[in-house]
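Across the two complexes that follow, chain A remains constant while its partner is chain B and subsequently chain C.
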Partner chain A sequence: METVPEPGSNVPPKKDRLQTKKKKPRRYWEQETTGTAAGASPGPPRKRKRNRELRPQKPKKNDTSKKFRISKKPRELKSPRPQRSLSGAQDPFAGPAPVSVEVVQKYCRIDKSKELPHPKTKTRSRLVVAEAQEEETSVRAARSELLLTEEPGFLEGEDGEDTAKIRQADIVEAVDIASAAKHFDLNLRQFGPYRLNYSRTGRHLAFGGRRGHVAALDWVTKKLMCEINVMEAVRDIRFLHSEALLAVAQNRWLHIYDNQGIELHCVRRCDRVTRLEFLPFHFLLATASETGFLTYLDVSVGKIVAALNARAGRLSVMTQNPYNAVIHLGHSNGTVSLWSPAMKEPLVKILCHRGGVRAVAVDSTGMHMATSGLDHQLKVFDLRGTFQPLSARTLPQGAGHLAFSQRGLLAAGMGDVVNIWAGQGKASPPSLEQPYLTHRLSGHVHGLQFCPYEDVLGVGHSGGITSMLVPGAAEPNFDGLESNPYRSRKQRQEWEVKALLEKVPAELICLDPRALAEVDVISLEQAKKERAERLGYDPDARAPFQPKPKQKGRSSTASLVKRKRKVMDQEHRDKIRQSLEQQLQKQEKAKPTGARPSALDRFVR
Partner chain B sequence: MEKASLKAMSLEEVKMRRAELQRARALQSYYEARAQRKKRIKSKKYHRILKKGKAKQALKDFEKLQKVNPGAALEELEKLDKARMMERMSLKHQNSGKWAKSKAIMAKYDLEAHQAIQEQLARNKELTHKVQAASESEEEEEGQEEESEPLVPDMVNGVQIKANGLNPWMFRNHFIDAEEAEVQKDLEDPAEPEAQETSESEEERAVVEEETLLKEFEERRSLRQKSELNHMAEPVHRRVTKDPSSQEVLSELRVLSQKLITENHQSGKQELSSARTAQREETAREEEEPMLLQRPKRARTLDELEELGREGCVENKELPRTAVEGLQLEKNLSNLIGAPKEKKRKEQMIDLQNLLTTKSPSVKSLVVPMTVQELEDEEERDQRQIIKEAFAGDDVIRDFLKEKREAVEASKPKDLDLTLPGWSEWGGMGVKPSAKKRRPFLIKAPEGPLRKDKNLPNVIINEKRNSHAAAHQGQVFPHPFTHHQQFERTIQTPIGSTWNTQRAFQKLTMLKVVTNPGHIIKPINAEDVGCWSSSGSDLCRTEESKTTLYTSQKTSGE
Partner chain C sequence: MKVKMLSRNPDHYVRETKLDLQRVPRNYDPTLHPFEVPREYIRALNATKLERVFAKPFLASLDGHRDGVNCLAKNPKSLATVLSGACDGEVKIWNLTKRKCIRTIQAHEGFVRGICTRFCGTSFFTVGDDKTVKQWKMDGPSCGEEEEPLHTILGKTVYTGIDHHWREAVFATCGQQVDIWDEQRTSPICSMTWGFDSISSVKFNPIETFLLGSCASDRNIVLYDMRQATPLKKVILDMRTNTICWNPMEAFIFTAANEDYNLYTFDMRALDTPVMVHMDHVSAVLDVDYSPTGREFVSASFDKSIRIFPVDKSRSREVYHTKRMQHVICVKWTADSKYIMCGSDEMNIRLWKANASEKLGVKKFLSDSSSAFSVLRGPTQRATEPDSLGAARLHLVAPIRQYVVGALTKRT
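Up next is the complex of A and B:
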């Protein structure tokens, strides 16, 4: 279709065949395609050259591509020609559905803020192709948002009413039966304070009491999977990649059970573990121990990937950043350190509190970190490079446990009270002004987690387990291929295989997960240098300007020199101009923006 | 006499005696020689260090003396005072000397000369300055001053303070403003302070000054009473010292003792009723610091201040109020002094402190606090205990700053020293080549890129390269690209089905060549290639059929 020179040029098939016989180096598939292209409705005339640039290889030619061409520019969506159907009726909404630019922007991934060095024509064409592709895919993605049918829940007080005053009982009364069933209490006073963990699909719940009680259940149907007593103190409990495996940090060692409660492994290399974290995409189980070691265990092959000494005494505060799989550890000297298995030292160390750090939580976008310390403060930090506190709040007791929900709600457990703060939107930090919800429990909070894909907050405390309703906490739409709460056993097995195939190597964990899409500049430079050394000259260096030979006496030595000098001067001028601009910029930066200097300032030393 | 005694002794005794005398003489001559050698040393640095050492020693001695024998210490102070008087009577260290005059002429053109003069003036101020306030013995002396020292009336001292302190008008700007801010924080408008200042003219200032003076008097009185209790009947002796060298040492001592006194005050805050006075004291000290002191000295004091501030931090935990004040004070001082560079550094520190000490509003939740407290009174008490334990002794900020400094040092590129010890110089065990000899062989490491955490006082970012991750990154970029950023831009969009819709994924991963099943793919033969050439296409064009046109375009494009 693209090769059709004019609109309405119908090539008879017979001639076409003749041609192939004669001289054209025809590709075997072209016969059909030209036929269909010719048969297809004529597209608008286009410049051929540009067309080539866009598609260096043989482009596809059918109606979808044409459609896409229109949909590519969401702002020009008024399709000019209403197409006539057989009946003669006009399509009132001709063309593809409009897409809002903001949504498309969300899916754009090319960072256009960086200034590119001026590209050559060939390169530019590649860039244009890449950008076009990006736009296309993002438009498609934006369009598919139509499929996300569910909307997040919310809680709104009547005018002037504080939502924090609304009790759980009120909420349960107001919601439908199915949702009301999600609020429940398990009274388990016997086996001490409980830690709990939801599986990644949000369907299963595992909890472990300090006095050895371990249980796993499908908490929606309340079907118990297993219940055992490990006869040892349980420090923490966590599901591995699926609900079939369960890691329990016991007094001495780390144990792994299956969903029947059968002990599969006892990992003796992870001893005296206090906290567990599972990194689902890397299949890594991170354990923080009393001895001060952070150990990464690859659960897919059963090997210890890295054992890092944090050099900060007992580790009892740990969380993961779901965005980049970096582990955050809280220390008794008020710092929070960020770890990756590839580095022996912390990636970042942040001084957060004057006292020790009691709890750390990171939200699902990886932008905000909430910390609470012994100084009774609750702070929300910006994790995007600056690591500065965005907001802080003094709590009457200080929070011992923190958790972020999928939509950015922050829950804090203080004594036997749970406070929940909400932000404005999804990516905004929770505003600590007014709590969104509060709830008092029958015992002291020992573990907190929001259930994925359900508006539920699970609280483990000394009196058992409480499942709270928190409207608007979770992502309303789940990805059926990724974490499907309703999946069958077979589906789970399928998913397991796929997930294993897509396992991310542990050494790729770093602060910026998109660093993989960058070229390793240092080794590039190194290679360049070595090459130049080997060859004795730099092959990439720009050749000095050589004036073209001209005729009619214009190529005299003097004029050659003159031309050379001209070019040289031009370059020199450019250089100077650039440096001047830089200087100006610097000066502007250096200029204080504050009040005007006073004449008396000269006396100030 | 000696002869007589010799006669009286036996031969052996005489010999011994003589040997003794010889030894003594030899020692003396050695000592003299050494003293002369030392005197001849021209190195300014050496003398500076020597002087410093002496001053330190003197201060130490003084402290010891103060503890062991307060009376003697008092005498020392008297000595100081005497020295000051002598200095004031003489015209030394003023612009009247021959040298000073010549320098004064040069000062306009020569920066060094200018500085020298400034230095001398500063010295004069320092020497003629009264050791002020505080110290018990001093206070006592002050008490007796009226009877015993009619020569130097109190008034002179008062004037003196004003004359050589900072310009009170200037001073007020910073200090009192801060005070105001403290008192009426809520009233203050960030946009207004200048206007406010101008409108509320001198009367207010006068009032404030009076207040401060009054406070000073009160404080002195209380101190005096205390000291009188301690040293009721201490005899006061005076001794005139005219030795110029000792005078120098004394002057040093004076400056240091001032500091000591104020420091003492800081530590002994509880005695002084409120933290307020201490603050004032410190600023007063700042006031006393002669204005024209040269830079390095300033820097030193600043460092000390910093340390003081930190001490304040440690105290903070018990007395939050003082902490806040201390902070503000620090701010004041940083405003007051500090060349811009120092100021910057200072600000960074303050920033860090602010970061952790800023008072964040506390949550007011309707249900929570009361009942919780009822329920968990014990628990809370426990927690308080824990907090106290956590705060006891360890200064989190200082440790962190130290750690950061170490990290920065460790990440800096090291200089390369290519010195061969022993070349053109003596070598051997324990002999280090001098810095002068080393300099030409010292290859300075290029300054690395700026650290990412340079302006983030509360963060240490590891700058080490993650070589494991780098192994997964691309190390070359393909041909048409000339810069790695261009290439990066083309691979930034993910093509996997995880990140794309099914359709987009299919499109992105579509094969370039699709082979249909059942088709035979023949190798290229010569005819096809012949047709490739331009002449062939020209021939085709002669036919002027639409189809041929189509072909030629097609081929040229390929």
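Up next is the complex of A and C:
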């Protein structure tokens, strides 16, 4: 670049702004500032300083043109101006409204503990910007919680009163009419023990009896949608993505019905199904069968995505993890295995009980798993870290059914009794010391599910269906765009189209649903390796050791060579040591383990 | 005992009459919105695929010239007018809405090397191989009159390019040197040169209107200051630059279309290294023009294609080509940033859409807000989340019908 020489005027340096600032004359109402009053928050946030810290550092290119840059003095921190009015009153709550840290934490999604191995400046700056943005948006989202209208329910006993002793009849008397109507009993003794399922919005209920009775109704208005008898044993029943379709696991095959009772499909590839689970965001119906196969059926295209052999005999205990769409299967050897349709082997196998596992349930955040086994134990495991049991409890009778509510309450059905345990808040596991509520039913429990967005627990038993009141079970504020119990027909149709367009493919199911948002380190390393192969050398490799030039004759050729040789020998020795260790490890692995030591071992090479 | 059950009043959730809007309460809790990352990924993927499905950029081909189109110019006061100069000396004025030629002028003998319009839109200038600079009226001759230039300047050497000042009645031509002319005079008010070779194009800066840039045959780009009547700076590249174009939004940025198949975006204040090198063409880049938004530019190349580049990226976002379009000599982006016109070797001027999948014309209210494609592009259904995805991301647009039921019905 060439510059035409300037006419010859020197640019005079700008006067420093702080020096030439004129002092404002003090008005009669302005008193001496003695600092902020005790208790007030420290003034408006100093936004300017924060932005300067968080702005990504651009690499400075033109250092030669510094003579025209004016050096800025570090700006003095402006002392917070006390909010004073003419009357002398001070705003007691100066500054932005405080936000509690736990609520802000709830909206944070970036895992700050994960460090990238060798991030480039560009990646690092992008991550810094993303973190700053997330901080700001999480504070704003926490503030928007003010707009939520509903409060969760609660049940508190008076001094000394045990909430577990409170009966459903007492609750019904003490509560308003609309809520009292939510408690009902359907006495259906003729068609066998019932299994039930609520639709995703919590508005519709489908139940199926062992002797073939299948019905679907809007349980809030008690309007019956359909009632049929399928003339075959019904083992399980599930709503598909909306209340329009039902899947019924009958004795031989899997059948799909309309909500008017019209049979739409008979899926013969899914035979002798014992349990059904619907993954709503993937449009997958997972079926566990007596033959030991876990089959995933895509209900939007009607294809079987995967048929996995669980290799553990008859599968009769199954549940899904709503956080990451992983299927949990309980086995008779006391293990729970976690499955994804992308892999032929289970993702994780957890040893839970000494006997067989009788029931598994996972809470809506995917953090806790409750299992109960033939050893009469009820255990709560931590799923998002160590897979270790957090708490355990011995029950007088094993729990055959478990269910979690949206706010973390755990319901267990033991014979004809249902126990419900509550935790501290939404994120904490339920404390198994004292039950929150109990209820005795008129028959043995066969199905248990909390109604989403309503403080109601639906129980299917051998005497019919019971709807129990459980104050504080459900999430009070639903999101209208996800599942809206008050949606109209047009809203449902629009929602269905959008849900189908956003259907997540089955290959993306894994333990961490946010895996796609991570920086792709593996591809980066693969690309580096390929580049090194293609170029013949690794351009990022360390430069060979150059000995520093020293004074007083210590930099002669001979001593340089000696120093280089020393470093090379040290590296060589390190490499040999590493390879020896690797060889030892390989040998240890290759040795047959489990063989009893014999006297002839000394002759083995 | 103290008991309270969650009980919702349906009146707060269901609309009162059919004429009301539906109420949609929102809760941004992440547990109510599982699978945010995969759903967002699928939406971005589907939106990108649909954008390609709906990409139909070619609009029209303007036929009429009897020789290759050499230069194009826009009328600053009329979006529908474009002027083109051909290699046989003909200048045609086209109306883009009717897609017809409204006026033909035999301007020069030989090539029309450059054409530019005056900032007021009432006249335009052409330079040709016959060493003349001619000024013409934008409106046609009234009946009875012959087609005559307003003003003709005879020069001594061939002029290869012309550009008009954005504010004053001054224009610049280039040939052997850069001449600045006043419209009233027949000799240049000043001539500037730096180097010994011919200059192929000259452009005025639209913001700092006293600055000009020129490209010469000895591979350099020279910047001139009209007030001091001297050249300012020079940068020498490896191969010759065909044209430059100034960014209409950033006063100090210009892009140079080079013979070495690349385009270089320079910051005028630091010419030692380009801000960005745009590499995607497979043959010499002949012309470049910026969008009025200053965020993108279009380049025409000898390899029979035109490419649209974002200013901050080194790869093009779009390439337009047709079997019928041969070497593209000149390209212009219309002043409403929606269309691109290119003139090519085979005597046609083609009109393209700048955003290939954009629906142009009057849009109906409901059809645009609820179509599947716009749904995928837009609704902020997820809670606000920092964008750490590398996938193709589209502009998020808030849905038209979305109301937060909150402050009005909160129970105390």
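Rule of thumb we're sticking to: the second predicted complex is superposed on the first by the 419 of 605 C-alpha atoms of A that agree within 3 Å, B and C clash if a C-alpha of one lies under 4 Å from a C-alpha of the other, contacts with A are read in each partner's own complex, and residues count from 1 in each chain.
As a working rule, a contact is a pair of C-beta atoms (placed from the backbone, for glycine too) under 8 Å apart; a residue touches a chain by one contact, two chains touch by 3 or more.
In this text the structure is predicted, and so the values were computed from the model without any measurement.
Visitor: Quick one: is A:Val521 in contact with chain B, with chain C, with both, or with neither? Answer first, second, both or neither.
Guide: First partner only.
Visitor: For A:Gly157, select first, second, both or neither according to whether it touches chain B, chain C, the two together, or no partner.
Guide: Only chain C; A:Gly157 stays clear of chain B.
Visitor: Contacts for A:Ser144 in the overlay, against chain B (first) and chain C (second): which applies, first, second, both or neither?
Guide: In the superposition, A:Ser144 contacts both chain B and chain C.
Visitor: Where does A:Val604 make contact in the superposed view: on chain B (first), on chain C (second), on both, or on neither?
Guide: Touch partner of A:Val604: chain B, not chain C.
Visitor: Does the superposition put A:Glu134 against chain B (first), chain C (second), both, or neither?
Guide: Touch status of A:Glu134: both partners.
Visitor: Contact-wise, after the overlay, does A:Ile110 reach chain B, chain C, both or neither (first, second, both, neither)?
Guide: Touch status of A:Ile110: both partners.
Visitor: Who contacts more of chain A, chain B or chain C?
Guide: B
Visitor: Thinking of the overlay built on chain A, is A:Pro505 touched by chain B (first), by chain C (second), by both, or by neither?
Guide: both
Visitor: First (chain B), second (chain C), both or neither: which does A:Arg440 touch?
Guide: first
Visitor: Please write out, lowest number first, the residues of chain A touched by both chain B and chain C across the two complexes.
Guide: Of chain A, residues 3, 109-110, 126-127, 129-130, 133-134, 137, 140-141, 144, 482, 502, 505, 508, 514-517, 519-520 contact chain B in one complex and chain C in the other.
Visitor: Write out the stretch or stretches of chain B touching chain A in their complex.
Guide: 167, 169-170, 173, 194, 291, 298, 335-339, 352, 355-363, 365-369, 371-373, 375-376, 379-380, 383, 386-387, 390-391, 394, 396-397, 399-400, 403, 452, 456, 458-462, 464-466, 468-477, 480-494, 498, 500-501, 503-504, 507-508, 510, 512, 514-516, 519-521, 524, 527-529, 531-532, 536, 540, 545-551, 553-555, 557
Visitor: Which stretch or stretches of chain A touch chain C in the complex?
Guide: 1-4, 61-62, 65, 106-107, 109-110, 126-127, 129-131, 133-134, 137, 140-141, 144, 146-158, 161, 163, 166, 170-171, 174-176, 178-179, 182, 281, 322-323, 325, 364-365, 426, 454-455, 469, 471-472, 474-482, 484-486, 488, 491, 494, 497-498, 501-505, 508, 513-517, 519-520
Visitor: Show me the residue ranges of chain C that touch chain A in the complex, using the header's touch definition.
Guide: 1-8, 10, 12-14, 22-39, 41-43, 46, 230-235, 270-273, 370, 372, 375-376, 379, 381, 383-390, 404-407, 409-411
Visitor: Going by the contact rule set out above, which residues of chain A touch chain B in the complex?
Guide: Those in contact with chain B are residues 3, 5, 9, 11, 15-16, 18-19, 23-25, 28-29, 48, 52, 57-58, 60, 109-111, 114, 116-117, 119-120, 122-123, 126-127, 129-130, 133-134, 136-137, 140-141, 143-144, 162, 164-165, 332-335, 340, 342-343, 345-356, 374-377, 379, 385-389, 391-398, 414-417, 419, 432, 435, 438, 440, 444, 482, 502, 505, 507-510, 514-524, 527, 595, 600, 603-605.
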